[in-house]
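Consider the two complexes below, in which chain A is the common component and chain B and chain C are the respective partners.
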Partner chain A sequence: MSLARTLACVILIAVCGVSLAADWLAPSGYAKQFREVPSSPPSRQHLLGTDEIGRDRFARVLYGTRISLILAPAAALVSTLLAALVGGLAGYLGGVWLRIATTFTDLFLSLPWLFLLIAVRALLPLNVSPLCSVLITFFILGVLGWAASARVLSASAGSLRNSDYVLQARASGLHGPRLFFVHVLPNLKPVLYAQFWISIPVFILSEANLGILGLGVAEPLPSWGSLLRELEGLISFREEPWRLVPLVLLIVVVTSFQVVLSNNEEVTA
Partner chain B sequence: MNGRRVFSKLFSPKSVPAKGHLQAFLLPLLCLALLAPAASAQSGGELRFCLRTEPKTFDPLLVDDDASLSIRYLTGGVLIRANRKTQQLEPELAESWKLSKDGKQITFKLRHGILFSDGTPFSSDDVAYTMQRLMDPNLHSSTGDAFRSGAGKVTTVKPGPDQITIIFPAPIVGLDALFDQVALVSAHSPKKEQAVLGPFLVAEYKAGSSVLLKRNPNYWKKDAQGHRLPYLDSIRLDIQPNGDVEILRFKRGELDLINAIDSNYFDKLAATSPQLVHDAGASLDSEFMWFNQVASAPIPPYKRAWFRSANFRRAVSQAINRNDLSRVVYNGHAQPAVGPVSPANKFWFNSRLHAEAHNPQAALQRLQADGFRLQNGILKDKDGNTVEFAIVTNAGNQQRERMAVLIQQDLGEIGIKVNVVTLDFPSLLERISQKFDYEAAILGFRNVDLDPSGQMNIWLSSAENHAWNPQQKSPETAWEAEIDNLMRAQASAFDAQERKRSFDRVQEIVYEQAPFIYLVNQNALSAVSTSVEGASPVILSPQTFWNAERLTLKANTRAGR
Partner chain C sequence: MLLSRIARHMAAIAGIILLGGLLSATLVRLAPGFDTDEREFDPSLNAESVRALRQGRAGERNILRFYAAYLHGALHGDLGRSHVLGKPVQDLLRERWPVTLRVAGIGLILGWLLASALAFSACLWKRTAYDLLGTTLSGAFLCIPAAVLALLSVILNAPGYFAIALIVFPKIYRYVRNLLTKAYALPHITAARAKGLAELRVLLWHVLPVVAPQMIALAGVTVSIALGASIPIESLCGLPGIGQLAWQAALARDLPLLVNVTVLVTLVTLLANSGADVMIHMLRTREA
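For the complex of A and B:
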């Protein structure tokens, strides 16, 4: 394991650990409004100051990190499974199935995903709790984010279909789902892992994009997207540098994921 | 003012020449001194500020957007102008005017010897031509819509070039005030709407970049010293949709004013340069919340019953801490709102009313009267349903989103669970005006009209903008029927006090029934560079350049440009 990868893993573990300990580290909670001290600078009571309506920014960063780091992998899992199902099966079956799946995937990729997300978000019922809204948001991200992975997986499954051991299995009388689940899918694992890891930072950024547009996780739940929105009114970085913490954290985490991923790809290759 | 400065400088002790040459110097100096006021009045420099959007039109009769409105204000000549500071009507191109008792006619006596910017003389023909174009249904002028009082044609009678009577088919309330929006166009000029009577004319337009206005050489107005207005040579309007960039450019000195500024930016500027920012007090704009009361709305019947209860709405209103909304969300640059009229509207505001005080206990008592009860911190209705609803607002408007979150916590104190939902604006509009698929909403009104007749499209139960229950065939409640009657009464009366009595009662009903729960009136915040002389920001639009003809730039700024 390279030093960079070790460092990235340590960072990711540390960030996850700290965010999971939010209940102890930030007992004031993410929603409590200290209305007497809105937009206050860092102090002993509020380590990163308060936001515009007086909520403890440190607590919101911790809880927001927890939400983004738990739910982005969950969304990545959904999208990877869908990609495995569509891309893997199409590649394995080949012929007309592959053409149909490729056309469908291309069509899906050509859609402007941001507008699609906004449209799907607008169709959802309004009266859902913040927790439910965050689950819905990431589920939508997962359901809409499978297409790119599906193309990679269909190509990999296609090459596996003509491999010697699959031909041998077929010659031994193994067909249909059993052949797919016993011989093809396990050999797609490295690609699946890679796609899973690639998807996590993509979904983190996607949620941040939605959050910046005000369409992400419902208030008062924090997420990196909603925390990054605070930077909208920042004229000078020097005036309130503590407000950059969510941005720095996002960059560090996404970079760490990329470092871990690049090493994964090298191992896979 | 500038002239006087130049004069005093020339005759300051340092500039007095040697005695023997006194006469030789005195004559040219005297000539210079006499010429100086006119010269300085004609070199006020170039004022620069931003338009947030591209102007949609330069035809003053087709104006319908903020950017075009600003250009029309700066270039258009009107018969009557509403003074943005005093809120009184003042004669402009009309020396005087007279309204008929039946409210159908208005007679103007026009100023004599006025020229359009291209030199074409101004006469009653131009007023008649403007009215004819304005009322042409094929033009689809929103300015003209305000004059469409009934079926039939608008006619004009011209006893002479300096007098005109305009006759409308039906009475129009506040008729004279409407002429503040009618920029006159020339009937005879080959340049048509490019020939203007206002202080500036459009000299250059670069799509997506800027609009350059230059001084109208034929502008009729003079200052008290007899100097021809405007003082400024030109105004450059840069098209800049991004507010952050606008602030940065203002701080760098590239812009001279910001007409409307966000409260956060205002405070940041105030912290470093308090002399640049101006808080003119409560504006006419209001933010409010309302519940969906539409009978056919796809919401559970028990929720509709809550929303249709005046007690429920008043209780919610009492549970909201408006002082906190003003202080926290607007950094103190907003006032707790009372009702449909802002206290800034000096004549029409009902001063007997006061903003609903934050009182959760009183709110709970009201709710108990309707059978609601608090169980383990959760409010239940008389059938045991948990009181929970969603507030929708438009995504991207941070102040509304923050107000929703504060209201979420305020209502949580009386056991009401609120979910805050932000939607993109088209989706929001579709839900609140077509599908009625929402429970409560927060939006705002941008009021530009002081007269309550401008709010007919909100208060009449048959109106489209009667947001809580629009387009009713007949009023569904007694209080809505009373509002209908009062609004029609004020619109058909011509005695100002009688109209005020009717509209005061409308404000009282709105306060008692709370169909709109008014939250705050934002303050009119603006920023003006110290290089601008004569600026006096006001609450009415355009806040900073309402007196553009009398603005000028300091000499050092002029020299630097």
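For the complex of A and C:
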């Protein structure tokens, strides 16, 4: 394991650990308002100061990190499962099924990702409870993000279809779902894992984009997207540099994912 | 051959647009709140007027009939009316499209220039500094959400197309860099360099023809990336383009407007990808 990859793994584990310990590190919670000190600078009580309505920014960063880091993998899981179902099955079956799946995948991929996201998000109610908005946001990411993975999986499953062991299993009388689930799907695992890990930083960034545009997680629940929205009122970097902490954290986490993934690719190659 | 390829692309685009339109119409029809009209709450309307309003929308309940009516209108240049902005959708698209074309177009050109310059410099002169600079810059910009780049461009008073350039740059740089590395490793290029051919001549006569088809395909894909990036850039930088229109429509749940904008952007994306494919085909035919 290279030094960069080790460092990236340590950073990811540390960030996850700290965000999971949010209840102990920031017992005041993400929604409590300290009305006597709105928009205050960092202090011993509020390590990153407070926002415009007096909420502790440190607590919000910790809880927001937790939400983004738990739900982005959940969305990645949904999209990878969908991709395995659509792409893997179509690649394995081939013929007309593959053509239908390819057309459907092309339709999804031809739409610019952000246009598709905001269109589908807007079709669903916007005035929902914060928890519901979190689930809707990440569910949409998972449901709409399967197309690119499906294309990779259909190609991999297509190559497995004519592999020696699948032909032998078929010759031995194994057919249908059993052949797919027992012999094809387990051999797609490395591709599935890769697609799962690749999707996580994509979904983190997509949620951040939606959040900044006001179409992500609803207040008072924090997420990286809603925390970054605060940058909208920033006039210069020197004025309140602590407001950049969520952005720095996001960049560090996504970079760490990229480093881990790029090293994975090198190992695979 | 070329004409049949173009015809095939046109048929595919028509099919995808029709299918996408049906999908959008279905989603709009099934979206919560579709069947309600706030005018029904107007106390000045009597029961008969409210009933008339409901009857007016009765035809929209059937998805296929709703879609057929939409298609009929679209073919006659009527894309409906925006609920929020109170204007015909086609007028809004006509007003906003030039802004997006200009911002996304200049952003794309800048992004391509920056990425190509760095990728070619890194491969041509084989200096670690160029490679490190390109890799670091592309890695950094890949990790920043498009909306944050838009906000940063507002804070730094930079034009919107600069943010689009920074969004497309990392994707172009990484792809072109990989293409060039692979091309420079080809035996005939190694032989040409070993024989002492000037680097610029090797690049123009031997490397570029090898990488041109993939670069053209990438150009098609980057149109889609730039259009996608136009939503946060135009919304947060206050540019009155298609991206801002889509954002306003999404926030106000102005579904007819949003669906038309999405279909239009899809059409442009498909045309860009098909155009790239036809160009690659022409290039390969000429080489053959």
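To be clear about the criterion, the second predicted complex is superposed on the first by the 262 of 269 C-alpha atoms of A that agree within 3 Å, B and C clash if a C-alpha of one lies under 4 Å from a C-alpha of the other, contacts with A are read in each partner's own complex, and residues count from 1 in each chain.
FYI, a contact is a pair of C-beta atoms (placed from the backbone, for glycine too) under 8 Å apart; a residue touches a chain by one contact, two chains touch by 3 or more.
Keep in mind that this is a model prediction, so the values were computed, not measured.
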Partners on chain A (chain B, chain C) - clash or fit: clash
Touching partner for A:N209 - first (chain B), second (chain C), both, neither: second
Contacts of A:D164 with chain B and chain C, given as first, second, both or neither: neither
Chain B versus chain C as contact partner of A:P220, first or second or both or neither: first
Contacts of A:L250 with chain B and chain C, given as first, second, both or neither: second
Partner chain(s) touched by A:L114 [first = chain B, second = chain C, both, neither]: second
More chain A residues in contact [chain B versus chain C]: C
Clash-bearing segment of chain C relative to chain B, given 40-48, 130-138 or 202-210: 40-48
Chain B/chain C common contact set on chain A: 118-119, 121-122, 126, 213-215, 232, 235
Interface residues, chain A side, partner chain C - complex: 103, 106-107, 110-116, 118-126, 201, 205, 208-209, 212-215, 228, 231-232, 234-237, 247, 250-251, 254-255, 258
Contacting residues of chain B [partner chain A, same complex]: 244, 247-248, 251, 262, 264-265, 268, 324, 327-329, 388-390, 392, 395-398, 401-402, 404-406, 408-409, 419-424, 427, 431, 437-439
Chain B-facing residues of chain A, complex: 31, 33, 35, 38, 52-54, 118-119, 121-122, 126-130, 133, 213-215, 218-220, 229, 232-233, 235, 239
Chain A-facing residues of chain C, complex: 15-16, 19-20, 23-24, 27-28, 31-33, 139-140, 142-148, 151, 155, 224-225, 227-229, 231-232, 235-236, 246-247, 249-251, 253, 255, 258-259, 261-262, 265-266, 269-270, 273
